[in-house]
Amino acid sequence: MTNYVVRRLLIAIPSLLGISVILFTVLALAPGDPFEELATNPAIPPDVRAALRASLGLDDPVWTRYFSWLTAMLRGDWGYSFVSRVNVDQLILARLPTTLAIIGASQVLALAIALPVGVMAATRPYSVFDQVANTLAFIGFSLPTFFTGLLLILLFSITLDWLPFVYRADLTSTGWTWWGEQIRQSIMPVAVLGLFQGAAWTRFVRSAVLDVIRLDHVTTARAKGLPEGSVTLRHVVRNALIPVVTLVALQMPTVFGGAIVTEQIFRVPGIGSLLISAILANDTPVIMAVTFVFAGLVIFFNLLADVIYGWLDPRISYS
Amino acid sequence: MAGSTLASATASPAAARPRVTPGAEAWRRFRKHRLAVVSLVLLSGIVLAVLVGPLVWTLPVDEIDFSAQLQSPSWAHPFGTDDLGQDILARVLHGGRISLAVGVAAMLVAVCVGVLVGAIAGMSRGRVDAALMWLTDLFLSLPELPLLLLIIYLFRDGLGQIVGPEAGVFIMIVAVIGGFRWMPVARLVRAQFFSLREKEFVEAARALGASRPRLVVRHILPNALGPVIVAATIDVAAAIIAESTLSFLGLGFPPDIPTWGRLLFDAKDNLDFAPHWAIFPGLAIFLTVLTINFIGDGLRDALDPRRVL
Amino acid sequence: MSEALLAPSAAPARDTTPLLDIRGLKVHFKTDDGMVRAVDGVDITANRAETVCVVGESGCGKTVTAKTVLKLIDMPPGRIVAGEIRFEGRDLVPLPPAEMRKIRAKQIGFVFQEPMTSLNPVYTVGQQIAETVRQHEGLSRRAALDRAAEMLRLVNIPNPQRRVQDYPHQFSGGMRQRVMIAMALSCNPKLLIADEPTTALDVTIQAQILDLLDEMKQRLGMAVLLITHAMGVVAEVAQRVVVMYAGKVVEEATVEALFATPRHPYTQGLIRSIPRIDRAASVHARLEAIPGTVPSLLNPPVGCRFAARCRHAMPDCVAAEPPLREVAPGHKVACILYPEHRP
Amino acid sequence: MTEDDLRQMIGRVQRGTLTRRGFVRRMAAVGLTAPMATQLLAIAGAAPAAAQTASAYPSRRGGGALKVLYWQGATLLNPHFAVGTKDQDGSRAFYEPLAGWAQDGTLEPILAAEIPSRENGGLAADGRSVTWKLKRGVKWHDGQDFTADDAVFNWEYAKDPATASVTTGSYRDVNVVKVDDYTVRVEFQKPTPFWADAFVGSRGMMIPKHLFKDYMGAKSREAPANLRPVGTSGYKFSEFQPGDMLRGEANASYHMPNRPFFDTLEVKGGGDAVSAARAVLQTGEFDYAWNMQVEDAILKRLEANGRGKVNIVPGGGIEFIQLHTRDPWNEVNGERASLDSTHPTLSDPKVREALSLLCDRNALEQFIYGRGGPATANFLNNPPRFRSPNTKFEFNIAKANEILDAAGYTRGADGIRAKDGKRLKFVYQTSINTPRQRTQAVIKQAAQRAGIDIEVKAVTASVFFSSDVANPDTYTKFFSDIQMYTTTMPQADPQLFMNQYVSWEMSTKANSWQGRNIIRWKSDEYDAAYRAAEGELDPVKRAALFIRMNDLIVGSNHVIPLVGRPTVSASLNTLTHKLSAWDLTFGFLHDWHRAA
């Protein structure tokens, strides 16, 4: 198994490089200029903007910019953002905790919903519980997140005024009050994302469990006199987990990527909104850094998914 | 040791029952899924409304009438009006055509490319599979928006001359949304192919001399269809939502073309004063997506022979 | 065939109540097309240390009967409509699930037909056997694994200590069936129900499994209820035979009586349709098959269900269902051709 | 109102028989308004009375937290690199200029002891130099003294091209001399009527010499103080998350009496304009929200909650339409919209006149921009003394049809007019923002009624306003027939503002489309008037020249001004702020306080 992992890691390096080349050319060719604001201000003479572009190397040919970016990258210097002139890694690290907190919590909520509901719905097929759970799941992931986000704001922030809808990463209070405020302000974004994701996963868990529940070895387990609970848990869920765990592992990169739309609506200063503002301002170093980390995570979690698959299912052998 | 008795013809039902074609069987099973049937009726209602609607409901789509700003639903304007006094019902009907067309077309692109890549990766071993999976990983990690900026910037003028501005944008939007949705389908199909490829009936078909493409098309693909259909239905929904996100960033259709997504985003700031403006397009998106998902679920039950009802 | 087997009514005299006594069992399944009466009044008994074979074509209800004993059928759509299943005198039908669980594997072991899919692929063989033992005898993990290894040795699986850590996919079909048997007997049950244990195996392995079952019976003294559609298997291991057709028992007899003097036309047809090696050279006749098809269980024909295919069919056959009557000591048949034997 | 009457009135002010306020009001009646009038008095030596603050400033401090919302957060805190107003404001929270422009056009001293004028000898008679006396006892946040060396350093820092600072325009053509520790003199190459550019307002913020002297020129980017400012303002730096959050706390040793009022200053960034408006006017979570680019109807409804109000501060910004003079579609000697081509249809003044009649400015003001967009016929609207009285606008579809019929543009089968094969079909492009898309819809419909087909195009702001050469969608290239955007006027003087139509500023491929004359319009009379205005000391003549320039460009109908764009912001009723269109939001932060 270990040399399989090593082999996969070795393959990952060229693929990451390949991805970075394509990413960089895409960004370099895409139109747009980080100094949009300078343009409309007549007081700023045009040659200042030209000097600014030159000083940041925007006018060099693509491949020289790529190599300078790559060599800087390898030295651990992720370059600094054109727009905010801050080192990119500082920018990302500042926003990482918020993204992990909100998006991470929503994924946990999604799993906390999907696993129990999915299993119970599958173990009682076509019961009332199953029908209700199924219909709610459908409604859950048919509602676009931005629509539910707006409705929640309208309901809880504006009419009822219970929850703040301005997310503030810099809460000044400490101790319990900090936790209280942190929870109060992240309830809505976490709920919107968690419910949407939970609904999709419930359906997936239900169908995975349904596939397993009819297999012969489940009847064998029952014939062994095991209580229904442990038949379900040890024999049905354990086998159904294999596709579910793989799916969850493949979903992890989005935890880093953040939910662009939800972060825009609830103004969560996460990686998603950083990526959007960077894209709109064509701030190449930031986009490159975020997407490069994202690509690395995608490859890493793909590998992790395969390893978990092998670990969970003994039939899979890695030569 | 005496061989086992050859049981006489198994209990085949008496001749009285008509020979059931697979299609009819699938329809019978589909009919059992009540919600799917209801959704089918509802969806065809929506599609009909969107196609015939603009002919029946003749109010012009972009007639600006400042006197009728932000009117709540009334007989003159069943869905109310927006801040330019334009009739929202007409815009929802007209917009529906584009949103649905984008949804379906993007799904088709995603499914076709996904199935193709998945099948090839699934059937071949080693290098081809690894290369295709690398390509999938690459697309998974590409940021959708800058690529979209690039494609629109590169092709809009050229395409615009050939097929006209609106069609040009339509093709581009479908290509981009579709072009970013095929990876999950490809991965799904590949996994299906890996498991189906080992199955006895495939070896049996190969033993009977079936060529590889025939194996794929006639034997493996129909079995892999179930999850692909479910993924396809999810893709239509995701495509409609993606189109509306694009219109939020103004990258989608030109501003004067009302799609559901654009309507919803134009309305989002007036949600607390003129909720009707956002609710109807939002409802249209929701209902369409919900019905498509239910139909997908019904189809999967109908087409999956293993699924006992 | 070892001598002991052939002694008729070798059951110990002192306890005459049968170990397993199924009386008038009816199991129906609700389907879209209506109520399938898979088992429609079945009486089967099995005594200690006795091998009873239930034989019949596919779809005659033998597997449903076997599974209903341990309530392994899905209810719904299945439902026990009528009848009793007495095990050591106690009726299992009304038992609540908690009680039923104490019976399963502890009192009655079960071996399934498909060894390839009957074991859970993600656990080692040892773990799966140990699980049964720990459930019923509360052994520690270590002790249960030793018992599992012991059971594997018992079913002649080579170097059991190491194999106990292997996964199902590392065993051949025959080996897996041995594991299933080991698992079924791991708690020393009084009755073993085997549902066509050898159908999925090729002939050479089949013989080994049947010998193993026999050996287990000698050593552990448990009764065996063996479901099969192969008359050869019946001849090999059975002491008493029950022939089922279309959800009902049509004939019951000792194996010698059944093969020597088959009474029910269906049993006769079955025996005639066995290709005989010894006579093959001399008799150049086509193999005989029973004409017609098995009746639908949705709306079974009135009277004797075999009537449509029976050579001796008479008007009375269709009038009423022929009851299962004893026409000779220990030999019952459900056919009006034979007068009842008055001992 | 002849020049003599003017001189006579100035005399009365000097003698005190006419109050300053009375003089300014009379000047306004004649079209010479506040900034011009005060300049006039300064030149004529009538010293302005000390600028009295509008409302009584409370004596106490400790006003708790001031929470401000910028929906585009500041991304860096060095005034000389400030890319947009958001960054300038971020820097202004900590750094201060010598003086600031109040809304009524008067200069208020901040780091300067007094405003230079003819009386106090600050202003040279020939207008070639101005001498600033600095306030004594001013300390940087780290306790260092603020002296003339800091002022001279700022000049050297900004004028060095290697620093590529955005404020270089104000410093590179002047010479700054240190007279003594607390006096500096700014010398101009030629008589400069508008002397208050260097060291004043948004371009005059002072950075400490002792922290930046090792980071001049190319190394200017690496200065640690770029992100941890040490200024002289009322609030000391405490924390900064670029694009998200900026915090400062009260500076105990501030050089103005019992100020600042608040204990802490918090500036939150991110999100969009509407949610920012809601956060102030509806839920009251913040005290002030910057740059409310929101439809007025929404703002009015939010104001109805009674928690806060919208502040409209008229300035120089103008949303206007450009009609191309050149042909953007066919390449002439390798360049689209080259100077050797003329636009097939828009070159016909009748077509342009018709198009101007089709722009319903009143509807734009009434239904889209509201108070945030007063309809106007002028390109140059503020300061009022430069506003031309002799232009007017009209919305009349019938008249447009008549003009087009008379000009021989007959309607084709599809209802679109054409003349000798040239159809009236235009591409109308602008950047993506809701009010602009609404404006496009209104004008497109009116044009349709006059037989003109308009294809509407919206480009992402960062693409539209970009200056990279390869991108065809930039506004400086103007590769479409009609274009619309807002141009701003950061100073209270139109000199730089009106250079957008001089012939030597034409945007061409040669100067890689850097020129500011985007419609490539050429008018000798305009060029001559502009040159004259550069050297004209007499404010009355100079104002008349600018009014002439405005009439020329608007009269040509190549430029159709639509609505003025004052700075719009929202604030809680409890907050008493002091805003000016000619300076930054935080220009007078030291005077902000909460009503008792």
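Order of writing sets the chain letters: A, B, C and D. Residues in each chain are counted from 1.
Just so we're on the same page, a contact is a pair of C-beta atoms (placed from the backbone, for glycine too) under 8 Å apart; a residue touches a chain by one contact, two chains touch by 3 or more.
All figures in this text were calculated on a predicted structure; none of them were measured in a lab.
Student: Closest chain to the protein CA centroid?
Tutor: The most central chain, going by mean C-alpha position, is A.
Student: Where the centre means the average of the CA atoms, what chain is farthest from chain A?
Tutor: Max centre-to-centre separation from chain A belongs to C.
Student: Go ahead and name the chain pair joined by the largest number of contacting C-beta pairs.
Tutor: A-D
Student: How many Å are there between the centre of chain B and the centre of chain C, using C-alpha atoms for each centre?
Tutor: 51
Student: Using the average of all C-alpha atoms in each chain as its centre, how far is it in Å between chain C and chain D?
Tutor: 95
Student: I'd like to verify one number: the distance from the centre of chain B to the centre of chain D, where each centre is the average of its C-alpha atoms, in whole angstrom.
Tutor: Taking the mean C-alpha position of each chain, the two centres sit 49 Å apart.
Student: Please tell me the distance, in whole Å, between the geometric centres of chain A and chain C computed from their C-alpha atoms.
Tutor: Each chain's C-alpha centroid was found; their separation is 55 Å.
Student: Residue numbers in chain B touching 2 or more other chains?
Tutor: Where chain B meets two or more other chains at a single residue, that happens at 149, 153, 249, 268.
Student: Multi-chain contacts only, two chains or more: what residues does chain A have there?
Tutor: 31-32, 158, 280
Student: Could you say which residues in chain D touch two or more other chains, in rising order?
Tutor: In chain D, 460, 463, 471, 473 touch at least two other chains.
Student: Over in the complex, which chain B residues touch chain D? Could you list them?
Tutor: Contacts found on chain B: 62-64, 66, 69-70, 83-84, 149, 153, 157, 165, 249-251, 254-256, 266, 268-270, 273.
Student: Residue numbers of chain B touching chain A in their complex, please.
Tutor: Counting only chain B, the residues touching chain A are 35, 130, 134, 137-138, 140-143, 145-147, 149-150, 153-154, 187, 234, 237, 241, 244-245, 249, 264, 268, 271-272, 275, 278, 282, 285-286, 289-290, 293-294, 297, 308.
Student: Can you list the chain A residues touching chain C in their complex?
Tutor: Its residues touching chain C are 215-217, 219-228, 234-235, 238-239, 242, 312-315.
Student: What residues on chain A touch chain D, complex-wise?
Tutor: 31-53, 55, 58-59, 80-81, 83-86, 91, 94-95, 157-158, 161, 164-166, 168-170, 264, 267, 269, 273-274, 277, 280-282
Student: Could you pull out which chain A residues touch chain B in their complex?
Tutor: Within the complex, chain A contacts chain B at residues 11, 15, 18-19, 22-23, 26-27, 29-32, 134-135, 138-139, 141-144, 146-147, 150, 153-154, 158-159, 200, 203, 214, 250, 253, 260-261, 275-276, 279-280, 287, 290-291, 294-295, 298-299, 302.
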